[in-house]
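The same subunit A turns up in both complexes below, where it pairs with subunit B and then with subunit C.
Then we have the complex of A and B:
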């Protein structure tokens, strides 16, 4: 399991986080925002796998297990997010987050 | 004389009776069936006070030089058995001291007080404010009695302020008249200058005497007037404390000048004539304005003045006699003429007290109270009858008002110092006594000469008023209503006061009467000088002063007698002088200017400081936080990405902190 250089993997994870954050900060489209969140979240999932694998033994298995759970969690989160997108679109006729700056109409 | 001890212990009744009248009339007055009932209640209590006052006065005459002190300790500061300036603590007492001069003052205050109250029944009967009038007048009578009975300087000051506030109420009695309201304010503001000086003077005396020998016991006893102590501060003259004592004495002079309307604080008294004439007679002629002289007398007897103080007092008194008399010669308002005369006569008293003849000054106070109250009440009767105060509209009133006319004439003769009227004895005594000091104090000369000049002016202005009002065939203004004499209520006080104005001077030859003029110690010595001693010089001086008086009378008769009116040409050389006098030497204008420019400027500076510096600081803080919160508010855009950006920058900042700053701190503090 030592064939992979952890630093490279961590750099990949950091890059994913950076891309995700960049998307979160710059995108105004709600769907693109959700995609960016998913990318940033993948960085976190990747970290679980990496550190799990690094620690070896049962820790490696549990890291992968948590990653699977988190993938499921991300899917539900996207489902909720898309539901909000639909509701928002119906309510305001737009899914631009900058346009829904108030909590009430 | 155990009987007298018991009797004098009841001296507090004298102020108590008018206090009861004040409470009864003040609370119930408006609800009584007739407004005059309240007046009769006040008169009854004033009568009781007068009887008690006379009993005490007679008791004092029977037991020469008696000092009866009845007091209780109000509070004590500091424990006994301590150390420092006051080993036995410092206590303030309240009580009554019956001594010769307070017995004398009790006689003056209560006799005049009762007569004025009786007179007021008719004089004020038309007024709806009658209960208020009687309540305030009773309160004044109580305060004045309390003032003369005070046994310590602190209590004296309390009553001093109380008579001042009563004076304010009564000057402003017709408060719906703007001129009366402003005169009341003026009186209170001008006398306030003196009051503040008195308080400062008391503090100075306290500070000085508490640290020097002799006075510490006096200060510890709460400024008590005690017989036998004498003017203990005299011992300190020439010592290091001399300057402080002089300043304290000058402050007392300032207070007396405020209350007794001496130059330069004289401006309020003529304006105080806005009050009812009865008030002028009682408060602004006979009693309250004499409180300033009484203060000087008390300080002179119990504390002592330095020679510099005496010169200042003589200067103020002597100058005021002349200064006020000049203004009295031109005014048309009968009350104002008599008011200026009061200022001038108070000047004589101050002059005598300043020259060291305390008792002579008090003797003039005694006679002046009667003849000046008489003049005011007679003037009041005229005003009541014809409804104007303008002398140049009156005339020929002698036929319609014989009693009033004679009363005013007796008052005028007494005021002019014509023998054998009361004013002759006291004024002559004042002038002769001051003359006897000129050898030792040549600086007294100019003021003595001014006082002599004022004798001529006094006779002139008062007879000018008498001739204008009473002589001649008919009133100058034919529209005046027909004059008539008042009822017995008004004439009885005039008759009694006339008798006193004639006879009060002879009292000095009654043996017991002189007992009212005994100083607390023999050391005061020349203070007594009663009855006046007549040598050749004194007789010549008397001839001089009587001659001046007769000359003044003659001048007045020549110019104004038998209905004549003197009209000066517009380009006459005397015209500027007349204008100067009518404008009261522009003192009022000057004080108004000081008030408007000086005080108002200070007030505006204060306003600026308050508005822009203090308020500015508060408002600046407020604005700063408003700006800050406005800035913070702008962060709350509601846009999700913005919040995300804040979170990210927060995390980044925290990471930077952790990576760079934290290790630096750990190294620096040697973690």
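Then we have the complex of A and C:
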């Protein structure tokens, strides 16, 4: 049976959220922005899996169930984000978010 | 067990390093390759956490679909795939804010025990009955959200509007 230290697991998830937040704040390319959001989202999903695995048994299954739904939502979000990227690229010729002050196409 | 601690420590180190590299390299295609490694590494962590179904889902959805979607986005928006990003400043204020968030989260996480806790596996049958109980309302909602998002995405990229 696997045994792990919960604090280490939560520290990893906090570090990933910090990296994602840093990317969201500094990157100006829309695709890099989407990737940063994905890193932060993965940190959140990892948290659900961690607490599900630590509580174990029937109660722990709900953590994984929420994680399944979240993975689907994150994939949907990337699809919509890339649609926005394609629209921005076609209409503005650039996917730099600093140059697109408004999203009105 | 010391072996599992070592395995988790190395997987966590790879996750943090690949996530940082993905944001710091200047070629956009290299970013996506690093983020693919990050997704596969997270899948390995899910396997270590006795959640193999989530691990397979992570491999299929993230390492597979999302990576291909991102590559497709780069391919369409660039004249040449290997073109470098302009250097953007790191920005001390954003770095400080991210560091503050991490410190606060780790400080808040110290309420959990700092000792080894057994990670118990669950029956995947239990997961499916949890997802599909009450007529599968969660998956139904997820499917409706995906349908709405797909319609919105098609609206955004449709031809004939300038």
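Note that the second predicted complex is superposed on the first by the 100 of 105 C-alpha atoms of A that agree within 3 Å, B and C clash if a C-alpha of one lies under 4 Å from a C-alpha of the other, contacts with A are read in each partner's own complex, and residues count from 1 in each chain.
Here is the rule we go by: a residue touches a chain if its C-beta (ideal position, glycine included) is under 8 Å from a C-beta of that chain, and two chains touch if they have at least 3 such contacts.
Since the model is a prediction, treat every value here as computed from it, not as a measurement.
**Q** Should the superposition on subunit A be reported as showing a clash between subunit B and subunit C, or a fit?
**A** fit
**Q** Once the structures are superposed on A, label A:25 by its partner contacts, choosing first (subunit B), second (subunit C), both or neither.
**A** Touch status of A:25: both partners.
**Q** Let me test your reading of the model: by the given contact rule, A:33 touches which partner, first (subunit B), second (subunit C), both or neither?
**A** Touch status of A:33: first partner only.
**Q** Taking the superposition on A as described, I'd like to know which of subunit B and subunit C A:16 touches: first, second, both or neither.
**A** A:16 contacts subunit C only, not subunit B.
**Q** Pick one for A:97: touches subunit B only (first), subunit C only (second), both, or neither.
**A** first
**Q** Kindly classify A:50 by the partners it touches after superposition: subunit B alone (first), subunit C alone (second), both, or neither?
**A** second
**Q** Once the two complexes are aligned on chain A, which partner has more residues of subunit A within touching range, subunit B or subunit C?
**A** C
**Q** Once the two structures sit on chain A together, report how near the CA atoms of subunit B get to those of subunit C, whole Å.
**A** 6
**Q** So subunit A touches subunit B in one structure and subunit C in the other; where do those two contact lists coincide?
**A** 21, 25-28
**Q** Considering only the defined contacts, which subunit B positions touch subunit A in the complex?
**A** 637-641, 644-645, 648
**Q** Under the touch definition given earlier, write down the residues of subunit A that touch subunit C in their complex.
**A** 1-12, 14-23, 25-29, 31-32, 34-36, 38-39, 42, 46, 49-50, 52-54, 56-58, 60-62, 64-65, 67-69, 71-80, 82-87, 89-91, 95, 105
**Q** Which bits of subunit A are touching subunit B when the two form their complex?
**A** Interface residues on the subunit A side: 21, 24-28, 33, 97-98, 100-103.
**Q** Please give the residue numbers of subunit C that touch subunit A in the complex, ascending.
**A** Listed in rising order, the residues are 1, 4-5, 8-9, 12, 15-16, 19-20, 22-23, 28, 31-32, 35, 38-39, 42, 45-46, 48-51, 53-54, 57-58, 61-62, 65-66, 69-70, 72-74, 76-77, 85, 88-91, 94-95, 97-99, 101-102, 105-106, 109-110, 112-120, 122, 126-127, 130-131, 138-139, 142, 145-146, 149-150, 152-154, 156-157, 161-162.
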